[in-house]
Amino acid sequence: MRTYASPEFALLAVGFTMVVGIYVVAMLDHVVGGRVAARPLLWREIVAGPARSAALLIVQRRMTTERTDTPGWMLAPALFAALAATALALVPLGPDLVVADPETGFVVFSAAIAFVMIAVFLHGWSPNSALPLHGAYRYAAQALSFQIPFLLAMLATALPAESLSIVEIVAAQESAWNVVRQPLGLPIYLVVGLAVSFWGPLNLPDGADLAGGTSAEDSGIARLLWQAARAAMLVAIAAMGAAGFLGGWWGPWLSGIVWMLLKTVALLVLLIAAGHLLARVRIERFVVVAWVLLIPLALVNIFVSGAFLL
Amino acid sequence: MSLLGPLGVTLVVFVGALVVVLILWWLGDRSPRTLTAPERAPFAGGLPPAVHAWSRYHARYYVMALVFLAFDMEMVYMYPWAVVFVREGVVAMVEMAMFITILLIGVLYTWRERALEWA
Amino acid sequence: MRQFLARIAAGAPVPVFAIAGAGAREQVQDLRLNPGVRLVDSPREANVLLVAGAMPESLAEPLQRIHDAMSHPRCTVVAASPEGRDLHAWLPDATAVALHEPIAGGLVDVHRGILRGDRPSEPALLPDVEPAPWRGVGPFGQGGTGMTGGTPYGRPMADLLDDRDGLRLDILPLTVGPFFPRFPSGLILQATLAGDVVVESAIEANPFTDLDFEMVTPSPTLGPFLRALSAPVPIAELELARARSHLRWLADALVSQGLHALGVRVLALAARVRPGDGEEVRKLERLLRGTQVFRWSLGGVGPIAAERLIAIAAGPVARASGIAEDARADDPAYRELGFTPVTQRAGDAAARWRQRLAEAEQALDLAGRAGPRQTEVRGQVEGPRGLLLAEGAPTGRLYELVPELLAGLEWGDAIATIVSLDLDLEEAALAAQLTAGVPVA
Amino acid sequence: MSEERLVDVLFWVFAIGSVVTGYRVFRTDSMVRAAFYLLASFAAVGGILVLLGAEFLGMVLILMMAGEMLVMAIVMVMFMMNPAGLNPMWMVHQHRIAVAAGVVAFLAIASLGFLVDFPDQPNARPELATEQLGIELLGDSMLVFQTAGVALLSTMAGVVVLASRRGRYGIADEGSEEPPLQPDEVDLLGEEATP
């Protein structure tokens, strides 16, 4: 019998987590960016900054380009946000504290990640503008390359659990966290996680060389929703990383939910700091590295950690 | 709801979030009803584009995309394998190692033929 | 509700699309240091258009186009010295602020004003004319004919071209600039793209050549070099300006690599460095090596063979390809300081970044040791971008290299290559006018 | 609403959704929309598989189709004239034959639903279906599984051989000539072919 929440509670819980998560990402980004820029940080700006920027985008009126694919343009942020919500719904905060724990939870999570490429491609294709279009095709190359290493790195966590359920994957880490048992898994997962939410060094579809790439034509509410969905996806990636590799709710002294939150925030800080401290990777190099380095490494990770289990 | 269970709830979350964001867009969208032609022109630094951006876009990584199609199929087998791995032990290990090695030869060949690069 | 949101929004950093004209590049760049302003890459994201400095006539229409692409509520701020008259003719609703005071305060005030509704959002400037007539034409009234003919919705479709991988697919002509955020203002790149790869490219003539530089005050990093053409200048001053110029370039180049925060840090360093601060640059270089920018982003990108650079005197670009050519080596004052040019071998974009870092470090060391020594007047001077003569600047000489450099590069690599050349159209136009006897400010 | 009723409703939503989006594939002008309608159609089929108790298969179908349909969109945009449908067009050729073939195929498949003798004792929902699948793969179906590996390898090699122009020995078609469209253009004597 699998755990799941009632639909109303599920919507509320996921919605609340997303809003808080997006806000935390925006604050962390401001703080880390300020530290890297060696700029003084004001509490007032850290706390109120994201709300102000969001309000500005709500006040701003949305512009369109000529002959757009408007339904696609609307659907892209909605789909992206819905995928982030789905991914977040699968992350357990405690053994019984999860919105939904399907038997194939891991496959559902993978499907949510796979559909991100549809959302980003649609977002870049719809405005009928050259710079977003190039961003869309770049993300397609990026996504087709990271898809397999991502699945393989995550799949290794299913070996000790003997199950595809996320709750059981976390439960199986009681004796040792996966980051210890499978030391290659977390780094691969984090690299790919940056690629999924196109953050920092792997922000190729929305990169500076394309003047914003797929979001170059976005303004107002469209931009706000897109950026928010991207931040929500980063939260989902960090939360799933904490569950899959850092032992989820396991940990001494503190209660499970606190551990889970701490680990998620730690991974978020790591991802965001990488965004400010690592240079962008050329798309071609990323494709070659993903196929020739990440896939074999992920397989080594699976077989070596598997051999220890036997 | 035992049959639908957790997957049903996941579906509710997915559809719910999709609808909520679409409504937020609709509520927040106050795009001006009429825009002039220059206002609608795509941005590329100040000069108007000569042609529509939508075109037979030359995705130069098409070989990689096709190799992906083949390699992606492999994942279907790996999920059930991962679940029974501990139970089946060495048999599972050897069989999957064989399967994966065969596929990795394909990736290596693709790389060696320089079909992963395009520029 | 809207009033309430607008009040909250007034505290947010102002999204500004900034256009730097002649003599204002550094003021615009310094806006990055101000947390109350956010320089954005696309006019769609901006509420405020800032036009600073002097603009040639030929850029009026692109300026108005950028203005019209901005979202509502929008407003324009013009920061210019007296010749700003022209700008007001092109941007009639613009608010004027003084160029030589901090611009940021003016931007924030104007932005608050439009958010409060004190003044209406600016209407479009250009007439509502479709790029090509199409309404009602064709079988569906969409303006097209057949499968790919006609001008559906006002524009034709892209055309076919044989490509090097044997496929015959559409090519996308893409004109980027003159206000593309990664390029120096005025640079117009006409690229022909097959997918994300540049097949052909050309750079259009420098629009700033039409501008009369008599009224323009050269920027503090360029001024000392112009003076050195005709009068002795203290080496310490010249070398400090060189280091600052390189660091300012680096700040922009880091933004183009997605490292905005590091860019701000470097910009602050550029303002802060003093003669003898070579150690600061060495620290910076270590930090940059940690970001892997030389390996992941620039390694092997856009290499230029040394023989292509021989008679060009392109300064750091040439020295990055291994040509140990430097006008300073002929100056007795520099020889006394034991100056020898630094060089790199690889000649790719990474080498050009490294070269500028090394030169900034060397310049600061030289400035620290120079004492009261002055340069010798020889009608030419080694500027931060190469040999500066009375009739030409290195940018003009590098122009011709660009098409062959970009051919076959992926778009991101092409942009990284152009950025690594440090083109400066203002300097090129200014140097070309020096022959006409324009006095150097 | 009882659970069985809910399942029925969901089934019809997925079934009608998959048919309608499948129909839209052929009625839209944009290649990208066509590919993504097809993706929606497949996702609905995946939903039906889940309702039938094949949870793993249904979810894997949805997962796989995201990548496959993106590749399809990319390739369709590459090779179709007017890929975004800027000039409206028909996606189908030989309408009458196409309609007839579609109706016949649909009736043939649908008739199976009526003609085949389904067991009237519904099978219990398989618990641990994924495990059973894994054991099957490693046990009795091992040969099938390994053959699939070889088939996929040959697919990959075939893709590279057929589609990649450059290789480690240089450009693949260097020195070769495109065959002429008309047989009488074949130049037997080695002279210049007449245009």
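Observations on the structure shown:
Should a chain be cited, it is by its letter among A, B, C and D, assigned in written order, with residues numbered from 1 in that chain.
Rule of thumb we're sticking to: a contact is a pair of C-beta atoms (placed from the backbone, for glycine too) under 8 Å apart; a residue touches a chain by one contact, two chains touch by 3 or more.
Here the structure is a predicted model, which means the values were calculated and not measured.
Taking B-D and A-D together, the chain pair joined by more C-beta contacts is B-D. In whole angstrom, the spacing between the mean C-alpha positions of subunit B and subunit D is 16.
Subunit A and subunit D have centres, each the mean of its CA atoms, that are 29 Å apart. Between the CA-based centres of subunit A and subunit B the separation comes to 14 Å, rounded to the whole angstrom. In this assembly, the C-alpha centroid of subunit A lies 34 Å from the C-alpha centroid of subunit C. Contact with two or more other chains is made by residues 1-2, 7, 32, 35, 37, 39, 41, 43-45, 49, 52-59, 65, 68, 71-72, 74-75, 79, 82-85, 87, 107, 110, 118-119 of subunit B. Among all residues of subunit C, those that touch two or more other chains are 42, 44, 69, 72, 152-155, 157, 165, 167, 169, 172, 174, 180-181, 195-196, 410, 413. Residue positions of subunit A touching 2 or more other chains, listed in rising order: 58, 61-63, 66-67, 102-104, 107-108, 125, 128, 130, 137, 140, 144, 147, 164, 211, 216-217, 220, 284.
Chain contacts here are complete: no pair of chains fails to touch. By the touch criterion stated above, subunit A contacts subunit B in their complex at residues 1-7, 10-11, 14-15, 18, 58, 61-67, 74-75, 77-79, 81-86, 89-90, 99-108, 125, 127-133, 137, 140-141, 144-145, 147-148, 151-152, 155-156, 158-160, 162-164, 211, 216-217, 220-222, 224-225, 229, 284, 287-288, 291-292, 295-296, 299, 303, 306-307, 309-310. Interface of subunit A with subunit C (complex): residues 32-34, 36-39, 45, 48-49, 51-53, 55-56, 58-63, 66-67, 130, 134, 137-138, 200-201, 203-204, 207-212, 216-220, 223, 276-285. Across the interface of their complex, subunit D is touched by residues 1-4, 7, 11, 52, 54-59, 62-63, 65-77, 79-85, 87-88, 91-92, 95, 98-99, 102-103, 105-107, 109-110, 112-115 of subunit B.
Of all the residues in subunit D, the ones that touch subunit A in their complex are 30, 32-33, 36, 39, 55-56, 59-60, 62-63, 66-67, 69-71, 73-74, 84, 86, 130. Listing the residues of subunit B that touch subunit C in their complex gives 32, 35-39, 41, 43-60, 118-119.
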